[in-house]
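Scrolling down, you'll hit the structures one after another.
Two complexes follow with chain A in common, the first pairing it with chain B and the second with chain C.
So, the complex of A and B:
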């Protein structure tokens, strides 16, 4: 295996920070979050699952789509395409998996989403394998693993005295130029103490369909608060809203910014249409939609399941709505 | 199982069997440990109900979901709800604001020795609780606890009030920067029930939908002001915040303001109308 010391890694990251926007896990007032860093000194190397996914860096919570300037009767449109080159360092494998799920919609469809594609093409993903699974984690049930290199450009694993470095893609290989590497004969792996959590059965779409009117949605959904935590912490929830805002108004000139902003199907007015009708007026209906989107609609429309098993929605739900409990309920009630 | 859990089950079963209520909102054991809210419709399911120090949620907020009939033409449901002393103040606030009908809500009050925060320590609000018994109830379950009543000296506010104004602003902007605008604080609040929140209007008249610091700043300060004289200090907003914003500091600052000016603390007693409806030239009659 290829090996580097922590000091070697730090020197490499410091150089990357000069050339790229470097995003890495950081302690932000006691919360571990993927945030921009100026140097390797700000980066956490020993951390659990960051509290938010990294989707903000490919699908920003708020993103400018275009500018409209009105000068008298003249209207000027200016498209703004992102051109930041960024490295996401210390990405957990589940978060990289999340990007592959988003790619199926934003890249593989015709036409692709230009904004997402611009971010994606300019981003390199350097993962750091999880030493274990944490509370809520079920990546192994969703086709992933704590040390899954599949969706990354480079995967690092902590080993005695440093890190094992595995280039996964050519992009990753290119990024590694300048990192002091040596060959070692040892093989990276998990320690005997590593706990792998109990896998959850993932019912296929056809087993969800007949349960659409089942009482279980009432059971899980009635205590839902209709907040947006689960969708905003999720690496694969990707709904957005678009709005225009006036940012400047002076003599004869109006400047308008068109932005897109995260939205959430769990929120009360998400599905409301012109005229005021809301086809999903109750909490159980909205919560059901979130799960059907992940396990029926998204895989049927775009291919991959809309869940990577990161477990963030489970640990952050204030009323303990647990996606794995829902999956178990569906598996039980649909037989098989 | 605690004696109080058994009493709650017994009462819930009785209310459902007699048809006095259609639903009892209480707590059940969560598969993830601790308690979570549960809605019981069938007397046979009353045994799911529990009571212990992890029953942190303010269930009064769910009464807003029960204001309308389930089917057009029917009466709205009658609901039993398990309330702690702090939660019970929310019942009074909603009664004063005419959000719930007294005869449609059966308040199952529990004597409370305090609940725990996530770390297993007594929750902050419990350390200053002067009630220990609900202020409104139809039945009171449990024995009045032997806890010395404490005086609320607002000591929690000192850490921000000691800051210089510029430092205080920087402190709050740092907090708002972490906010993800998930609205969990608003959704969990019994006092936040506007059909269309002014911070979520389609026309973005006051604040647009952007998830950026200025909008989050306006949202949190606006929410605190809208709750002035109405916040009953259940701290649910702070408890549910996924990013750990110390929201109780904003709300309790307003609580102290209202108490100092008008000697009024929301929900402590049944008010005929909300504080801010009552201000005349003479000041508040409350």
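So, the complex of A and C:
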């Protein structure tokens, strides 16, 4: 295996920080979050699962789609795509998996999303394997693993005295130029004591379909608060809203920003139309939509399942709605 | 045909060429696109397609196009002032800049239904996306069988395109019927729901296709009534609306189960809708 010391890694990251926007796990007032860092000194190397996914860096929570300048009856549109290159360092494999899920919609479905594609092409993913599974994690049920290199450009694993370095893609290989690497005979892996959680059965779409009108959605949905946290922490929830914001108005010139912002299908008015009709007026119906999107609609429409097993929605939900419990309920009721 | 190929989220710039009251709270906006790419893109849009109209500063919202390209390059949209974007649109005047993103979605299969009788059922502002179908049939009258138009609104002042009723009714092999929901002092015509008028008119179902648009509840009950009159679900076309933010299948807002109204619709056969996991009502 290829090996680097922590010092070697830090020196490399410091150089990357000069050349790229470097995003890495950081302590923000006691919360572990993927955030821009100026140097390796700000980076956490020993952390659990960051509280939010990294989706903000490819599908920002708020993103400018257009600048609109209105001068009297003249309008000028300016398309903004900032030409920055970024490295996401210390990405957990489930978060990289989330990008592959988003790719299936934003890149593979015609027409591609220009903004997402722009960021995606300029981003390199350097993962750091999880040393174990954390509270709520079920990546191994969703085709992933704590040390899954599949969706990354580079995978690092902590080993005695430093890190095992596995280049996964050519892009990753290129980024590694400049990192002092040694060959070691040791093989990275989990210790025998590492606890893996028991996998959850993932019922395929056809087993969800007959349960659409089942009362189980009442049971899970009636306690939902419509707070939307599950969708905001999710690496694959991608719904967005588009609106205009007047930024400046003076001397006959109005500057308007057309922005898109994250949205959530669990919010009360999500499907409500201007006349007042709401085809999804109850919480059970909206929560059902979120689960069906992940396990039925998304795979049928775009290929991959819309869940990577990061477990964030489970630990974030204020009323303990647990996606794995829902999966078990569906598996049991659909004769699994 | 689709919207801006370079960036589907960028509207084409245009200008309000005309605006007139269509009904109480509803205006008809006539938009002339300014950019050559925009003009080229909308040159051959189809009946049933929709587009986003931008009121810059407020945002954009999707509307069924109410015009056809064969009658001129001006795009027409019927807009009810109900939300932020629509209220802002209602404040605009001729000459004001607007944006158009489209045409989007599928369309009524005007080729496929040639030679058949056509029954049009428009409830309220739901009549707007059906006007292109009516215009297409009237402009190509020999291509289609008997045309029956059944128009409805809650009250007389909410009927749309009243200025065209005479033209429609006088067209060859065409009958036009209109009703309002409740008695009204300004009204001497039919009173009752669109479904009652439909039963009364009782159009023959043997070689006909129906095209319905209106509030979801109207679509639902019109469908039930049509079944009672002998129509089957694969004779019934409808166009659905939803709140949308992209129109290109990305934003998630208009999903109806695994279908997206923006890219799988907005035009559907009732037989398709019957197979969907989630309903529109």
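Following the convention adopted for this analysis, the second predicted complex is superposed on the first by the 334 of 336 C-alpha atoms of A that agree within 3 Å, B and C clash if a C-alpha of one lies under 4 Å from a C-alpha of the other, contacts with A are read in each partner's own complex, and residues count from 1 in each chain.
By our rule, a contact is a pair of C-beta atoms (placed from the backbone, for glycine too) under 8 Å apart; a residue touches a chain by one contact, two chains touch by 3 or more.
Model, not experiment: these values are computed from the prediction.
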{"item": "Three-chain arrangement built on chain A, chain B and chain C clash or fit", "value": "fit"}
{"item": "Chain B versus chain C as contact partner of A:316, first or second or both or neither", "value": "first"}
{"item": "Superposed model, chain A: greater residue contact from chain B or chain C", "value": "C"}
{"item": "Touched partner set for A:18, first chain B, second chain C, both or neither", "value": "neither"}
{"item": "First (chain B), second (chain C), both or neither touched by A:243", "value": "both"}
{"item": "First, second, both or neither for A:111, with chain B first and chain C second", "value": "second"}
{"item": "Which superposed partner A:77 touches (first chain B, second chain C, both, neither)", "value": "second"}
{"item": "First, second, both or neither for A:29, with chain B first and chain C second", "value": "first"}
{"item": "Which of chain B and chain C A:222 touches, first, second, both or neither", "value": "first"}
{"item": "Vertex chain A angle, Cα centres of chain C and chain B, expressed to the nearest 10 degrees", "value": "80"}
{"item": "Chain B versus chain C as contact partner of A:185, first or second or both or neither", "value": "neither"}
{"item": "Minimal inter-chain CA distance - chain C and chain B, angstrom", "value": "5"}
{"item": "Contact residues of chain A, present in both the chain B and the chain C interface", "value": "241, 243"}
{"item": "Complex contact set, residues of chain B against chain A", "value": "30-32, 34, 36-39, 57, 61-62, 65, 174-175, 178, 180-184, 186-188, 196, 200, 204, 208-212, 239-240, 242-244"}
{"item": "Chain A - residues contacting chain C, complex", "value": "65-66, 68, 70, 73-75, 77, 79, 105-106, 109, 111, 113-115, 209, 212, 238-244, 246, 254, 256, 258, 260, 263, 265, 270-275, 277, 279, 289, 292-293, 296-297, 300-301"}
{"item": "In the complex, chain C residues that touch chain A", "value": "2, 5, 7-11, 13, 15, 56-61, 80, 82-83, 86, 95-97, 99, 215-217, 241-243, 245-246, 248-253, 255-258, 277-281"}
{"item": "Chain A residues touching chain B - in the complex, by the definition given at the top", "value": "28-31, 33, 51-52, 61-62, 222-223, 225-229, 232-233, 241, 243, 245, 259, 261-262, 264, 267, 269, 283, 314, 316, 318-320, 322, 325"}
